[in-house]
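In the two assemblies presented below, chain A is common to both, partnered first by chain B and then by chain C.
Showing the complex of A and B:
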């Protein structure tokens, strides 16, 4: 059998290929601290993946150009190894493994979305690699006792429960009727849990509770029901595509609802893409540029937004801001630990208590940020048709008053 | 026979030594084993039987959910586990983990086999494109349905039990590698012995002309179902292992991942050469290395490269690598070539 020879030579070729391709980086090379990140550059989360990457890059450039990180009397600079996780948890887990065991990365930045963070966290935890993540908000990430996971954002169940409470308040303290539609993914389902809690607390009734497929591009069935049942609040969550689909179809079908609460309005650039159609949408956000937090690197939200726009050509959504903040947290922790020992850095991260342009950051034992409330903004348009996101809650930062109820389509 | 023995011994030794030779690549090597299993079993339908199935992903996903559910459900209430996101709240002892995994894998292999029998009975009467489209729907439907079942985590996903703290950090990687390598060996032995029996000839007869095969008295339906059940058995096993390896099961992105795994298994078998024993193995290996390489060194171009690869396969290797080799060096494959006959054929063209 000559065939055997072909196969044997194939196997030996493999051996050679594998043994030559082991190119290992170290965590700190020369004056560089190398961080690893799996980011969704393709697939369903690609637009938010890019927001995340831009946020990381912006902070790396800024920190490096402003003197870098001082550890043990030496100055270091940040560098990030990126891989594309294709918005796929399986791929993300595999890439985390690769970053750590092949590339020798000892510190990680988070991916985009809760699902992917859920896939990566067990890996970083196993190897004791500290990970500061900025885009995994699912509550179940913080109930597992992970010791090496730190999230600069507030958990997902807090995203929209404020909206329900506001609706009840505006209803004279009486319970409201809620219609909700959520994408089948870890994040949106967690937002849903938050709404369920809020509904129970306020005695509100959920009259429509729909689950929508991933890569949401049609929710007409839900909207038909909304038109029939006339709820007081409509809650929609489904990442960027969910926000775009909801606004597009609500406008097309002229669905009247007194309050429309959503997530990902800024990441979807709703006010730009849909203009007046997106008017009055109420959106949960981790951050807004008008908030008055300050730090030394980006000064404040307004300066950050201006610098970001200059560099990348669009207004930064909160996904970018929180990603930039993750680097600030890492820098601070390295300097306080004054070491590259993973345990020491981890302890320094756990003791973080700082203010950044993005908000205060202080981690609970579960790893979530407990020092930064969510904000709600509403899309508001002027007569000329140009729209802007204005913070309406909490009152401390409100730059406009909530418009409620939303005017009917026939009156607009 | 002797030469064959040497070949198998070399590959077996290479396989057993691989995680120690390339410790950093254990995960990729485990995934490679799983990919080979998927491609090899797909080849039973797509290659030998001529039924292009996109539905094998159903068994893979079923196996994944079943294995993890059994592993958890044997010791803890499953609903509470998924609700809490699993981990830490309930911790498996090492014995529980391995016992659960063992029972889980058995279930993950058997249930999909039964399912394949049931579904096969109802849809293997379809032929050609109709069968392909129908099976395509199976995977998509399973993904959407499982995404709505609360007890297995629904849209939240299912975190599989974390590997217990036994041995060093490397223990987990080695465990899953050997598990997947063992499954690969098992699959290979099974498929190879099947291919040396009359069963394979029957499958080929079905591929070449099903009506004629039936006219000759072969109960084609029976054999088609048995073929699919064999594939389901190993796909289920592969899924169960993959679930533990990834650590997080998502309904459409990890388990019933028809868009990636479901297509990849077809692609790998075609790349290597469908209808051959070694084709899917070579195809899967090349595909995996190619993919990993591009994903690493040419970030952002991987899908372009994958597209080009598919085009190249279709245009230059329509019969796959093995098919191409076979055409080029038929004598190496033990085929007797009559030079005169070949010349005559050339002249005819």
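Showing the complex of A and C:
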């Protein structure tokens, strides 16, 4: 009985403690602007969730240490409340509600992945909370008429259409035959739509159009078809497992195709896992450290990469870079709005037109960034077998010449 | 396009060979499930997760510079003890309840394993490179990665060894006796508790072998276990319990069926067609899950 009473009082003490500490959070406390973010720290997106969080933290520290944000003649610093969404869309939506209605957050940063951003966007929209997101590229996010959603990255349908255009160009302007295999998820299907558009634009023909299951770890059937039908380009998108499976099986089955274009090679650490077998693969990327965009906080891509490596011990993937850029956008918008009024900040965000180390940022009415093209890099290996990703398109930043067509396996 | 299989006869051959090599691997996992199901009447939902755990063992060996093929020796040894531990900690507390409770328990173990693997190894998709080459047949029209041939070969070796073990060894006989009639076996002096633990251990060891082979042939990821559970469930249902040739045949049959479904219906229907087949077979066989349960503590 006595024990029960002790437990009861302990629990109520905890409840009181929590309720008071929750009440102390609000949008702007003292000199702090508090942003909220639900991030996948556990579950299947946890590695990219951590990349996202590292990107956010890096930018917060940098902006705070370089003078913070000036609004109304006063200097503020950024702070972020994180919750773990467990890679689960339902949980993400609940956490967004909690951040807004319980913690009083008035400005949000995005989660990792299109799926989770889709779950959160209706909530932030309902409460009129501006959200700058850096990891949801699905086209469907930008066609819903959301007014408070801003994405610093290029939409998914632009990921690989550069590859098709390049293939057509290298084919002397004549249409090409395309084989494609895409996982059945929102992101990859958007990439597919982009390829369909590009094919129509260039008069190219799609001769294989496979949809890969979510549990994808075998695409031998697709590759056998590729072997028989000999397309000019093979396009694969299925997150990390798609990229890894494709390279493994293309090498094992000795599939010869003049051009191989993929997504998620960065995250898959393709050349590390597969070495020379990954050579010549073309990869779409939102960012590469060798691009020459500049800003005052991180200087340029190379400096960013070096600083990031120093702090977190690994080369930054583009997921981290774009996450850092999201905070630069928020800082810029707060200063131009010169206010913490959500509507004014929203309008300032909509009028953003700036350059960051990550790229130019300018939002279309749908919220997507229209001022930053995707880059394509190619995996290139030297004789000793060490491989590197080199930018090959767009030409402005190309650090190497595209190798085309890919040499046959029998000649390697 | 959809009927490529019929236009190019070589594709038909390729699909059959791919399917058979894949099916042998499935059959190995399914055999473990059938054993456990037959002896203890437990349907192990965590089967696929044990497979993935075995795969991680081979992957870590690969990371530390040991050829992952050694994983087929190391993984089953480690997994045997993992299996025994699971039995002692969870299964023997629920095994005498009804089937539903044991399914729930293994479902719980499955979720726990997924999360633990995700926590310990990260959410990245990984694979182990065996460096085995490729076998080309018929003027390079049929391609068989040697890693697939290797995994089929190893699966057969393990299956054969297990059959001999079950026939000849004392424990093997005790397991079979317990499967036939636990009460009678106990009266005649068989330590059924020990038999149950060993059965669970052997099943986990088989999963370990299969996992090591999968890390060499395909990819592994903490959340990739379920399709393996479903496939082995399906194979066991088709073959029936305690029917090893049946498990091997239905394993290969499923492999070939999957490959053809992939070519004819499209890759997106591959797993779906397995489910559809499962439903059809369940209806056809009017399989009774409420078979009389027998368990002795």
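We adopt the following convention: the second predicted complex is superposed on the first by the 386 of 412 C-alpha atoms of A that agree within 3 Å, B and C clash if a C-alpha of one lies under 4 Å from a C-alpha of the other, contacts with A are read in each partner's own complex, and residues count from 1 in each chain.
Here is the rule we use: a residue touches a chain if its C-beta (ideal position, glycine included) is under 8 Å from a C-beta of that chain, and two chains touch if they have at least 3 such contacts.
No experiment lies behind these values; they were computed from the predicted model shown.
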For A:41, select first, second, both or neither according to whether it touches chain B, chain C, the two together, or no partner.
first
After the superposition on A, what does A:310 contact: first (chain B), second (chain C), both or neither?
neither
Tell me which partner A:218 touches in the superposition: chain B (first), chain C (second), both or neither.
second
Once the shared chain is lined up, is A:97 touching chain B (first), chain C (second), both, or neither of them?
first
For the overlaid complexes, name the partner, chain B or chain C, with more touching residues on chain A.
B
Please indicate which partner A:141 is in contact with in the superposed arrangement: first for chain B, second for chain C, both, or neither.
first
Going through chain A, the residues touched by chain B and also by chain C turn out to be 42, 87, 184, 211, 213
For chain C, which residues count as touching chain A in their complex?
1, 4, 8, 10-11, 14-15, 18, 22, 115, 118-119, 122-127, 129, 134, 136, 140, 143, 145, 147, 214, 218-224, 226-227, 259, 262-263, 266-268, 270-271
What residues of chain A sit close enough to touch chain C in their complex?
42-48, 87, 181, 184, 207-208, 210-213, 215, 217-222, 224-225, 227-229, 239-241, 244-245, 248-249, 252-254, 268, 273-275
Show me the residue ranges of chain A that touch chain B in the complex, using the header's touch definition.
1-4, 6-8, 10-11, 14-15, 17-19, 21-22, 24, 41-42, 82-84, 87-90, 93-94, 97-98, 101-102, 115, 118-119, 122-123, 126-127, 138, 140-141, 143-146, 182-186, 188-190, 211, 213-214
Which of the residues in chain B end up touching chain A in this complex?
3-4, 6-7, 10-11, 14, 21-28, 31, 84-89, 144, 147-148, 154-157, 159, 162-163, 169, 172-173, 242, 246-248, 250-254, 257, 260, 278, 282, 285, 289, 293, 295-296, 299-300, 302-303, 325, 329, 331-334
